[in-house]
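In this document, chain identifiers A, B, C and D correspond to the written order of the chains, with residue numbering beginning at 1 in each.
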Amino acid sequence: MADIARVMADAGRNIISMREFVNVDENRFFIRLEIEGNSSAEELRQAILAALPADTEIVVNPSPQKRIAVLVTKEYHCLGDILLRNYFGALQASVRCVIGNHEILRPITEKFDIPFHFISHENKTKRSFEEDIQNTLQGYEFDYIVLAKFMRILSPEFISHFQKNIINIHHSFLPAFIGAHPYRQAHERGVKMIGATAHFVTNDLDDGPIISQQIIPVNHAHTVKDMVNLGKEIEKSVLAKALQLVFEDRVMVYDNKTVIFEN
Amino acid sequence: MADIARVMADAGRNIISMREFVNVDENRFFIRLEIEGNSSAEELRQAILAALPADTEIVVNPSPQKRIAVLVTKEYHCLGDILLRNYFGALQASVRCVIGNHEILRPITEKFDIPFHFISHENKTKRSFEEDIQNTLQGYEFDYIVLAKFMRILSPEFISHFQKNIINIHHSFLPAFIGAHPYRQAHERGVKMIGATAHFVTNDLDDGPIISQQIIPVNHAHTVKDMVNLGKEIEKSVLAKALQLVFEDRVMVYDNKTVIFEN
Amino acid sequence: MADIARVMADAGRNIISMREFVNVDENRFFIRLEIEGNSSAEELRQAILAALPADTEIVVNPSPQKRIAVLVTKEYHCLGDILLRNYFGALQASVRCVIGNHEILRPITEKFDIPFHFISHENKTKRSFEEDIQNTLQGYEFDYIVLAKFMRILSPEFISHFQKNIINIHHSFLPAFIGAHPYRQAHERGVKMIGATAHFVTNDLDDGPIISQQIIPVNHAHTVKDMVNLGKEIEKSVLAKALQLVFEDRVMVYDNKTVIFEN
Amino acid sequence: MADIARVMADAGRNIISMREFVNVDENRFFIRLEIEGNSSAEELRQAILAALPADTEIVVNPSPQKRIAVLVTKEYHCLGDILLRNYFGALQASVRCVIGNHEILRPITEKFDIPFHFISHENKTKRSFEEDIQNTLQGYEFDYIVLAKFMRILSPEFISHFQKNIINIHHSFLPAFIGAHPYRQAHERGVKMIGATAHFVTNDLDDGPIISQQIIPVNHAHTVKDMVNLGKEIEKSVLAKALQLVFEDRVMVYDNKTVIFEN
């Protein structure tokens, strides 16, 4: 920490905010700095690297405005929320395109002048379906793929093309109710709270690093359909929060976890 | 509902409060009545049975003051909370005895003039351990067994003796992290909330009807030990709430779920 | 209750769900019934009235689809959420028009083919401003006025025209921080949670019957601006919940309070 | 920050954890360090002072085990929780004595071998009552006074003797419902959540720096008595959390606010 502070001082950089976390057990050190000053990003990176151990990983000057591609199926609530925030400049990212495996969400997307691509999963192999998506995505520059209630499971191969850059919203309090129909599972189990989890996507289904989670109370009188509707409220809310944390460069991933410097 | 209202009216009973729940899918009807009046409990039961379908299950005039036996291991927080409430008449139950498989919690128990029985699980079979517990329990009259952080798994045979009357606190948000070391599992998984679940105990481990659940946020900086300590706060809180609901006769069990008429 | 059940039975109506609340202190009884059957609404009303005390107030067969007029100023988050739900048929109401005292929210409103009326408050008296709003409203049929972050205080005279039918979202945990700039007040006071309150509007500022409230944690590092942004998340969420409760006819108002039968 | 890191490095101190907060508007900088190493506390203080601006306030080597005096009236829940934690070494403070203006809580206190002093407020002036308390307190060494549901208002003069060292639990979500009978006020107002606030005591009633707040949902069916009982659960919980934060030296006070470095 002293070393980093010294590097910043030497580089004429002023530290605006700083958060750090030491994982003592694993001997790992995480730090997030907001700085201001005139030296170039590359000079700064070199100066930090010179001062720190060889295995240091640095992200300097992340782009303040991320670009995203959004994948959806039929449900509007997460996409709608993203489109609204995008339209009013409150997303800290710009939506470049929306890809849906149904046509249902085309009109709302196009209302906001965002290109919508319909790519059906029907009558083709998963491989072919994913290739179609990849081909479409190649027409855009983007930093993250957001799965905004995209209800198809992506193959490890697809995921490997976008390592650490796919964010999903899963409609349960992970690791409870992995996989399909979590609300039906929750209803069957008789839980008293349902949850939603925003996480990075890795090869294992619903097993990636968790970014944010939220719950909402339910009771015996809630049907599966009631739970689905209640769940939508926290799904869109927790996804929005996760996106904000990621887009503000507050999230670091290691092992299968996240370190998040919230404020 | 009209039938029940009519029975109450005919019996000269005044309905103080009434809550009902219809499970349309399963064609089951649940109702909880608080009534006042003079007809005897048995007369009332007969009158209700005469008016309702043959498979109706009725609990009339439940004892307002339940009696409980508490099983513990080493952790004080749930037992301490129960003993305090019991001492100040705020538990709606009376603690008849505490059984521990360690001696640690004897002093706090005896401070409150409650008998404490030490029954070690060491150097004996599970069957023998459970027989010792059962023999000790036979010396008491009680309505419920409360597992207040009792860290031994009870056999289906033991459980079958106390059907629907064993209440456990599990230190996770069930069904996530079933079994041993849920906080270690939670830490490993990198969740952003940890939970606690109070439930009735059935033959399957941690799989009985859920009464109450609660969560508390955690972050990357919380160690397993931090989670254990944070978890204690919600464990004792959610167990206390579950006990209150059960002791006020607000909880009905069916299939593997609970119907809870809160207020 | 028996009387009502009898009336329903006599009228050939089947009770689907029933919730009641007895305010013992004030000797008032509230009941909400969902029923199905063939007798006409007027017949039913007469039958109920005949069976119940003279001062009974009954609402029979409320329109399942409410119509609303929305008043806004500059902030998009509540209006956007309402427009999205409306567009996807998830609002249980239809938005008839939006009136803004700024032009900012015209484009988003018109995207969804809802008429937007700009009525400036500038260079006119409050009376004249409110008359302009009332004249515009007269062109529409609606059941409720929703103040979706409408930042002008309405006069008792205006309010009296729409008794019990104006719903407001206030950006604090009422009754804390009544009036203007609640987030600035909250920041000044150093609270550890901020809140939002949806309520019916009465003559006294921010003093009407509360429908729903929600909070979100804050800490010393949150600036007023951070609080404003965090607050938006709960403002739109709590307003959405309040609207749903009202539009599903789950909210009864008496004295200055609400009785809400949630599920 | 660089300066502090340099001082620590020069003093041969290793920084284990560090949290900082910059209040930009007021040009104030707060930092909390956990360090290990061999230089003496006084040497360290001098080195820091030499490196930092003249108006720096430093607390070095706070005692890891605080001592407290507890003032109570009749309610057991906060005191009981404190006594339990104290007994099991989980309070990070040691309770030196309990003073009550009623005798009710003597037995529970003495069960835990803590001296209890009964000081009635009856038949004497407030000044005389407070002098009696002060005289009793003089027999003990303590760092903090905890008002664990002490229902008498203390005079500014009394408070001035223990500046910044009196912690109170107020049974409302401050600044809502200041003063007496907050639950009655909450019931009257028809709020949908009730709260509890732990805060330092200053001259103005219920107006000191807030340490922690918590809420719990209520509805129309909760009577004032129900609210009192529900409130107890969060009162003891929020007080426990505040005490932990203070006793772990995580709370700094400035103006009328707290800066809290939680983990």
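Everything below uses one rule, namely that contacts are C-beta pairs under 8 Å (C-beta built on N, C-alpha and C of every residue); 3 or more make two chains touch, one makes a residue touch a chain.
Only a predicted model underlies this, so the values are computations on that prediction, with no experimental measurement involved.
Engineer: Could the interface between the copies subunit B and subunit C be described as same, meaning over half of its residue numbers are common to both, or is it different?
Structural biologist: Same, since over half the interface numbering is common to both chains.
Engineer: Which of these, A-B, C-D or B-C, makes the same contacts as A-D in over half of the contact pairs?
Structural biologist: Copy of the A-D interface among the listed pairs: B-C.
Engineer: Roughly how many whole angstrom separate the Cα centroids of subunit B and subunit C?
Structural biologist: So the centroids are 39 Å from each other.
Engineer: Give, as an integer number of Å, the spacing between the C-alpha centres of subunit D and subunit B.
Structural biologist: One centre to the other, that is 34 Å.
Engineer: Multi-chain contacts only, two chains or more: what residues does subunit A have there?
Structural biologist: 219, 221
Engineer: So in the complex, which bits of subunit A are touching subunit D?
Structural biologist: Touch residues, subunit A against subunit D: 1-2, 5-6, 8-9, 15-20, 22.
Engineer: For subunit A, which residues are in contact with subunit C within the complex?
Structural biologist: Per the touch definition, subunit A meets subunit C at residues 76-77, 80-81, 84, 87-88, 108, 111-112, 219, 221-222, 226, 233, 237, 240-241, 263.
Engineer: Within the complex, which stretch of subunit C touches subunit D?
Structural biologist: My answer: residues 21, 25, 173-177, 189-193, 195, 209-213, 215, 219-221, 223, 255-260, 262.
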